[in-house]
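Supplied in structure tokens, the structure appears directly below.
So that you can tell them apart, the chains are marked A, B and C in the order they are listed, and the count of residues begins at 1 in each.
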Amino acid sequence: MDHRPQQWGRPRDDVYGAYDASYMQNNGPNQHTQQPIVTGTSVVAIKFKDGVVIAADNLASYGSLARFTNVKRLRTFAGTSVVGFGGDVSDMQYLDRHLNELAIDEAYTSEAGHTLNGRNLHKYLSKLLYHRRSKFDPLWNHLLVAGLDEDDKPFLAAADLLGTTFTSPSLATGFGSVLAQPIMRRYAPDEESAAKLTKEEAVDIIKECMKVLFYRDARSMDEYSIAVVTKEGVELKENEKLEKQSWAFADRIKGYGTQTV
Amino acid sequence: MFRNNYDNDSVTFSPQGRIFQVEYAAEAVKQGSVVVGLTSKTHAVLVAIKRNAEELSSYQKKLFEVDEHVGLAIAGLTSDARVLSNFMKQQCLSQRLTYDRPMPIETLVSMIGDKAQLNTQHYGKRPYGVGLLIAGVDETGPHLFEFQPSGMTQEMVACAIGARSQMARTYLEKNADNFNDCGREELIRHGLRALKETLVQDRELTVDNTSVGVVGFKETGKKALEFFKVHDGAEVKEWINSVEEDADAGGETAAEEGGAAAEGMQVDE
Amino acid sequence: MTSIGTGYDLSNSTFSPDGRNFQVEYAVKAVENGGTSVGIRAKDGVVLAVEKVVTSKLLKPGANKRIATIDRNLGVVYSGMIPDGRHFVDRARDEARSWRDTFKTGIPTSDLASRMGGYLQAYTLYQSVRPFGITAIIGGFDSELEAPVDGEVGSGPSVGAGGKGTGTHGGPGLYMIEPSGMYWGYYGAATGKGRQAAKAELEKLDLAAGTLSLHDAVKEAARIIYFAQQDNKDKEFELEMTWISGVNGPTKGRHEHVPKELMEEAERLAKKSLDDDDEDEEKSEEKSDDKMEE
């Protein structure tokens, strides 16, 4: 009998063979995050005359399981900007805490009127994401920042887990980039046409996109959050429901699942 | 050798609750040549007298650019000023890099204030032996701050530090109500007039010994900036001439000068 | 026993034969010369006020704020050496931030006072540092709501396991920390040059009864600063005031500067009450000895 402490509680070698400790050896490269776990799907946003409209549904999926149905993926910053998160939800929560601290820091001098605007916020987040990907430990998000720039003009930009940045009159992440982007571009192909859109038109476009995404994206749901960012502040509604759905088109789809007709 | 038992280091309070080492450091500021700063609705201006060690040597710079929108003037130990100035430059760059925005002036100034305070509370450190005037423009308008070796920072409408600066301050206090609505040129002239008050007999402002730093908005209510720029040599000639003329012309200002000078004599050595 | 000339007062952390740390007592002297600070814990909030002595006509009016925000719901005011006060504020902000990092919620007022008390005390322990030349007043309003966790994105189950408990918590808090690191909770606190007069006025308010409203506390704080300033009437000063209410109050749980209108009204009333007092002058003479706590 082997009485050495390191053997206590171990299966007996003479009965089960030597313990295979190879899994504890780490000969390979160090690995950090390899994939997101609990995820949010698309975020869509479009600029209009006086600001930006942004939306994301309230679902957090665990693989293909609709795991959490009450998750708010639009986060306001200092009452002046909105960040919409796609991708890993726990990384989103980390970033949200981070932004909360940043907002508190900014408020130390807010009496003097300094606040980070949408453009400042986007720059900061993209630097943070790039920093993390350079450590090979990325924050697995694709996010949109909706706000205003220093001239109070509408600002909209994206940053992804690699720190890649992009800006355009309309933006969408995830499935939205293929399903919603073409719809938005029909209404706002360039900055000039976006600058002509009214708030109501922009909201309607976004709602249409959310509906199309719910029709065709299996990781989406029909409850969503929508925010309008203008000079007056952020108008955030977190428990919207898709209206006037019509599944008539589904009839014409053949060749998937257990359908036999 | 020591004036008392409580002035050896910056970690000893005197029975009255004073820290002599910090007060002595403030004296070093008064050894430096004078610098004046003032602000209007649209501009912040720094003016300074430069000194040269000897006839053939160059003049010590007094005004420095920190970032596009901030500059500073120094009085006291130049090498201490360079430490603070480099620190401020780095902070401004990092603000531009991480947030893509110009550093708010108040934030920048409180950073050096905090840095200087630590030197007054730990053994083995010494207070900075320099006073600064920091002029800059940010989204809330033009600002002027005074920095002292104690770590004290204050936002001022106008200010003067350095040798015989009391006379300049007297001038500034007398005219403080007018600065806000001054145009760029008028504000610079006020600065130079304040500077002139501090000059000893038969010294005068020359293109060699005068520096002018300006930062501000190009137009009132517009966001376009006139970046901080230091003007030396031939560039300051017209300004110097313009304040010489009004001294010759106005008997009234001359009388005031005399009064202020007499008062100031007692303050500075 | 006298301090000067014995050699026991030349460095920090040295005990004198009768058990005193003179350097700490000298630091208190620095506080006693500073502009008066006052804090009032009212029924539904906290007010902080400070007398800012105008040392130069060239100072920008209304700039140079002296009351600092530590976290959304916490404020600090101090009397004494202002750069030391800024150091204190920096540290308090660091404490509030690290509390958030650890507990995912804001730091309670009492815990911030405890942390800062510990920090100041540490500056009395070593010969290599000097004590803080300030006395600070911390005011806060701990949320009476269920604290949402930072970064929380949904709500937990509304029924069944994980359901919410009932009971009250949170409310206003006021603490004053001295250079020694000693701190107490207060209903009304005052420090700085005019503390004696201010304390006497605070005691008249019967704050322990918990009946004074936040709005009235703002007016009282302004009056007390004006009252305590009377002895230095020749010196110009600016009044700065902040307040914190609960989430349902006027500041929605945040530490903010008192809005202009209320500020003006409070100052008007303060000046009026002084004028009224001037008519029956006599009583403001007696000055009790300043007892320093040990």
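Just so it is clear, a residue touches a chain if its C-beta (ideal position, glycine included) is under 8 Å from a C-beta of that chain, and two chains touch if they have at least 3 such contacts.
Keep in mind it's a predicted model, so treat the numbers as computed, not measured.
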Result of counting contacting C-beta pairs for B-C and A-B, higher pair: B-C
Distance-to-centre winner among chains (Cα means, whole assembly as reference): C
Longest centre-to-centre distance from chain A, chain (CA-based): B
Chain centre separation in whole Å, for chain C relative to chain A (CA means): 42
Separation of chain A from chain B, taking each centre as the mean of its C-alpha atoms, in whole Å: 49
Rounded Å distance, chain B centre to chain C centre (Cα mean): 33
Chain C residues within the chain A interface of the complex: 65, 68-69, 71-72, 93, 96-97, 100, 104, 150-155, 257
Of chain B, residues touching chain C in the complex: 5-6, 10-19, 110, 113-114, 116-118, 120-124, 144, 150-152, 154-159, 169, 172-173, 176
Residue numbers on chain C that touch chain B, as the complex places them: 3-4, 9-12, 22-23, 26-33, 56-60, 63-64, 81-84, 86-87, 90, 123, 127-133
Of all residues in chain B, those that touch chain A in their complex: 97-101, 104, 106-107, 138-140, 223
Chain A residues touching chain B - in the complex, by the definition given at the top: 109, 112-114, 116-117, 119-120, 123-124, 127, 150-151
